[in-house]
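Presented sequentially are two complexes of chain A, the first with chain B as partner and the second with chain C.
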Partner chain A sequence: MTDIQYLAPRTLDEAVKAFAAAAGAGRILAGGTDLLVQMRNGTVRPGVIVDIKKIAEVTSIEEIAGGGFRIGAAVSGAALREHPKLRKIWPGVVEAANLIGSTQIQGRATAGGNLCNGSPAGDSVPALVAAGAVVIIQGPKGRREVAVEKVPAGPGRLNLTAGEIVVGFTLPPRPKGSSDAYLRMIPRTEMDIAVVGCGVSLTLDNGTCTAARVGLGAVAPTVLLVEEAARALIGSKLDAAALEKAAVACSAACRPIDDKRGTIAYRTKVAGVLLKRTAAIAAERAGRK
Partner chain B sequence: MSKLHVSTTINGEPQEFLCDADQSLLDILRGPLGLTGSKEGCGTGDCGACTVTLNGRIVCSCLMLAAEAEGQQIGTIEGMAGEELHPLQTKFLEMAALQCGICTPGVLMAAKALLERNPDPTEHEVRFWLAGNLCRCTGYDKIIRAVMETAADMRGAAR
Partner chain C sequence: MSTETANDNKWIGKNTIRPDGADKVTGRAAYAADTTMPGMIWGKILRSPHPHARIRSIDTRKAEAYPGVKAVVTAKDIVNFPLDKSVMLGIQDMRWMCRNVMAREKALFAGHPVAAVAATTEKIAAEACKLIEVDYEVLPFVIDVEEAMKPDAPILHDFIQFDGKPSNIAGKLEHKLGDIEAGFAKADVVIERTFRTKPVHQGYIEPHACLVSVSDGKATIWSSSQGQFMVRAMCAYLTGTPQNDIRAIPAEIGGGFGGKTIVYLEPVALLLAKKSGRPVKMIMTRGEVFHASGPTSGSFSKVKIGATKDGKVVAAQGTYCLQAGALPGSPIRGAAGCSFAPYDIPNVLSVGYDVVSNRSKVAAYRAPGAPIGAYAVECVMDELAEALKIDPLQFRLKNAAKQGTKAAHGPVYPRIGFVETIESALKHPHYKTPVPKPKNGLLHGRGVASGFWFNAGGESSAQVNIAEDGTVVVITGHPDIGGSRASTANITAEILGIDYKKVSVLIGDTSVIGFSNLTGGSRVTYASAMVVTQSTEQVITQLRERAAKIWKIDPDAVVWENGEARPAGDNAGKFEPLTLAQIAAQASATGGPIGAGKQLNTVGAEGGFATHVCDVEVDPGLGIVRVLRYTSFQDVGRAIHPGYVEGQMQGGVAQGIGWALSEEYIYDKSGKLDNPSFLDYRMPVSSDLPMLDSVIIEVPNPKHPQGVRGVGEVPLVPPMAAVANAIYNALGRRLYSLPMSPPKVLAAMDQAAE
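After this line comes the complex of A and B, so read on.
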């Protein structure tokens, strides 16, 4: 016997009501790949589990005009990968979500959960930051939208108010010649946590970069939007000098921890290296469109 | 708190069970349902020994609440063989692609899901797909070879 309650509401209104009523004792269940581990090791003891996967808006991928998409917060990485058009237009977002854990984990783990777990090393978050994704949030006071980089507040902490649920993400329309990429550094080839993660989204017009966004993970208490790096890329032909300037900007933005996975010096250097490699992949993809 | 009543489908058969809100699907499979083919290695989604399919996609049953199975299609290793063993099972026996056998049900479930999606995987693809299935007897090479050979056999049979 247990005193935990499991709810699987069919509508967002019911979910918000139940989550708000549970106050601090409520936990949202999307893919569960973090929550179930936390419950098992005792770091989380929810009174009420609100499973949001019976709510259509939270579990669907919807195309919007001009290459934009609305992705439900509880869509699994596998479902993102199996969507051919999303993969073609936003390959960086899809590859980032599919670096999270094993094939089995990808069958469950979600971008919404990755964001709400609040880890600075979450792989999908820098890619969503680079993509310019907007987070759709619903709470007792209604709906609001906020840039993805504004949601994390620190390790395990979010800028959400009581009772608010992340419903999904909006990826903006895509001009011709646009693409994105995500790379992460881990000391092995699979199944590890990013030492540095880098997302780049850009638009090329006749070889000149006309728009860019750069997201960096695992180098600060939250995932970072590095505007200085984007400025170094915009207006350039992505030549060596521009890439070097952007790489320096990435390294300068780092405020990393020193731990067994990577030292401060290592993470800071790798952030610049990854920027160059990720931008090259994004540019190569954009050139094909 | 009273138990939750769950109606689901396991290996194509309708199935009902009672569970607590915090029980995993693996707890229910191995306990009340007596389907002990799925193993508990780590309980944290790292080892893949508890791999089952949820609506055709492989997941760790230790990372899924039993209550979440309501209305879903679950597949376990017990449903893999029909009248005869699945070609992967036959090949694993033939090539001795197992030692202690604890990881084997999860490896087979994952490999079957791969071959359904990709009948002609490269060795690289097989290794990445199975990265979430840990084998502590270090039998990976035999496992990978058995999956590659099964894929080749199945492509031959389909021709």
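After this line comes the complex of A and C, so read on.
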């Protein structure tokens, strides 16, 4: 039996050092709701586990003037929900993170883990993509920032280099009349994996959409930013024709697979249906009469 | 829950406190995996990665030499039952069982055991399994039942012939009544449809597990099963051990639903224990449960029913092709026998085909086969009612089987309660409430369906002993999976006229109680009530004799009333009544310990019927179907413990809704099960279901002392059709295959729109 080394550093520098030193054998541990499951079923066998939950920056939520936030990568879903201001300004991001698992899972699961697990079906990721979140990454060569949609490289694969750790996410300042929403399709009512997930963030000025971003999950090897759909919404009053156009753009962006969770035809169609429903919720939250 | 009859019983019909409840909710109940022994080692099974492969050779030398390994077992160690001679144990043929617990000539499904290792730790056992070299000749495979019946399908077994040719059709069963052609000639409306269902798993939460110790040639087995006597007999056959040298101890069971009526691990663990000289424990993972224990059949059915303009069904024909999995034995009897059984139809032809394919061997699942047949028949009945413009319940009522109806599967019915289930549904507020109009883009629909299950009697043994303080211990011989201990306590207390808390009911192991057949077929409360009643009556006779002795009068002059012996009348003499405790205290002086046992092969279990009403809401954008309201109406004969009866009714419906909407075995291109976990094998979670309402109807079975009919299986028979018919009512579009998952619902709607 191989031994596993468990480390719980208090600083990012130590964590990066230890993670880099472990090379391929190292694994970051956030909530562990993916990692422990994978270890138990034998798909992952780390030699070194680096727990990042003792590092202050990674486990805290900070406000930025103008409605922006910096969310630590290892903040649990439950902690996100309990932040009243975050919940008010970014309800879509919070509801997406809160859809992960059950009450028990919520006490542990993190947005950082959701992103770094690399599943195209991760619930918080399309909402973060729609939100325009920027990922803060620290590695042996220092810090860098990158748009969240640039991080996933494919199922289970990330555009991170050896020793790099996700520190957190920056949510940009929010103009008045902005909000967001996330919806997913799952066959059951809970404890399931998104067959399609859709995040929409938008800004309304007098009923006209002045800014929008759309994220789609589980319809391609990575979560997608669907710019074509956003373009269809921007400048419109979110009328039926604009929503239809955005829905068509979402369906067109899909590159899904047929698998045990859904068919190509189904996922493609549902991506459009969810876009319309999600946009309607976001618009309502943004103050549309 | 509501019950339609009142009674003045003290305990029968009352929701007494469950004897197993506290242990289960506090985690103290000892399931099979909870037993350990000093010196215990762990067994693991090496399984075939191929769905179909000839086993050329198995080299276990490296595994045997691996440090920590204590024993290795292959098919060579299991008793071989030659293919040309059937040896039956209940419904299982030992030819197939010996090949199911360990692949012999061929691996027949991905997950088929090919060898087993016992080692000091689970991990070492698993590592050693990987060192076993199996030389496979990989063969083409077939899983789907329709594919397996095609003339060019890969053949699983050379010894199976159909119509004189090698075939995957291992058996055929036919029920005939009247003249089917003449019947259809009389019909004004004839509807014929084709239906498909997927294999679904029983989904018990407790995986198979056992601990086996062999000492001085005598084996003790602790395991979770639906029959310790079945475990004993199977292990005796498969390991060549006399039955008296095996003691099978039943653990508390964490669900079975039919799937634990056969063995997987016990004989293997026994052989490993024998070889190693150490107690061997084995526990399946959830993945192993899905891959290698028996789900029920997938199916392909054709049903044709004809009726006259006035709504009388005159002819019905059904063909049910059921997937047996690797070895013969699919439940064609349930499909072909039960599907038309609720109706009085003069001309019937009902045929079942047992089809083998490269999937784990089928195991019983609640009313085996009956839900598959009823799904097809009840959907066609719905279409007929619509074509004839008759309310679907009224249509069923008009054709309902009654006392005197001759059923195609054989019997002329005695007093049965089918009509009562329909009448009760018709007048229930659920059926009277209008179906909601479309709202917020969601569509609503209502469906109904009925169902039948044979129920069963069979062998049961009981022993009723009076303890020295006048309390009572009852031992029966079948695992309690649906409340039989509570029901037995109610019956014993009722007959003795004492508080039910004075009665403890235990499940005896194979060495302390007489042979008792499986917990299955909805038989246990029926059969054990009979032997317990007769045992208790014998005890009462003894109690009267003891009182007579104390009073020095004739036993006939003593009556037993309200838990006391009393003089029969003034002529008998004037004596203060003697309580059970008082008589027990004097037992030694009056003749010795008081107690009696009875062993019977019980008969007279009459069929059970149910009618279900289901309301659904369909999201037409996503194809999601949610059940919003569900009421089941079932004739149970007599509900000895209504809470448990309600639990059975609700549980069956929950499983049926899963079967209807979301559960299915999905195979990948290589023939391996692709969803062997509860994440992707979608059983409903509690938030998926509404409160499942149940109406208990009691039309007592005249052949039973308390009027019991079986309860546990009928509830799974109607749900799939009830849900399907409700979806049709909502969408105006019929789906003919299960599960009616969102992609299928959406595809059906798109087709409709075109």
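Here, the second predicted complex is superposed on the first by the 285 of 289 C-alpha atoms of A that agree within 3 Å, B and C clash if a C-alpha of one lies under 4 Å from a C-alpha of the other, contacts with A are read in each partner's own complex, and residues count from 1 in each chain.
Here is the rule we go by: a contact is a pair of C-beta atoms (placed from the backbone, for glycine too) under 8 Å apart; a residue touches a chain by one contact, two chains touch by 3 or more.
Computed from a prediction, not measured in an experiment: that's the story for all the values here.
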Which superposed partner A:E57 touches (first chain B, second chain C, both, neither): neither
Chain B versus chain C as contact partner of A:G101, first or second or both or neither: first
Chain B versus chain C as contact partner of A:E190, first or second or both or neither: both
Superposed model, chain A: greater residue contact from chain B or chain C: B
First (chain B), second (chain C), both or neither touched by A:T263: second
Where chain A meets both chain C and chain B, residue numbers: 1, 190-191
In the complex with chain A, residue positions of chain B that touch it: 1, 4, 20-22, 24, 43-46, 48, 51, 54, 57-60, 62-65, 67-68, 70, 110, 113-114, 128-133
Footprint of chain A on chain C - complex, ascending: 123, 621-624, 626, 661-662, 666, 674-675, 679-680, 682, 684-685, 687-688, 741-743, 746-747, 750
Interfacial residue positions of chain A with respect to chain C in the complex: 1, 185, 187-193, 195, 259-263, 265-266, 269-270, 273-274, 277
Contact set on chain A toward chain B in their complex: 1-6, 8, 29, 32-33, 36-37, 39-41, 49, 51, 53, 76, 78, 101-105, 107-108, 190-191
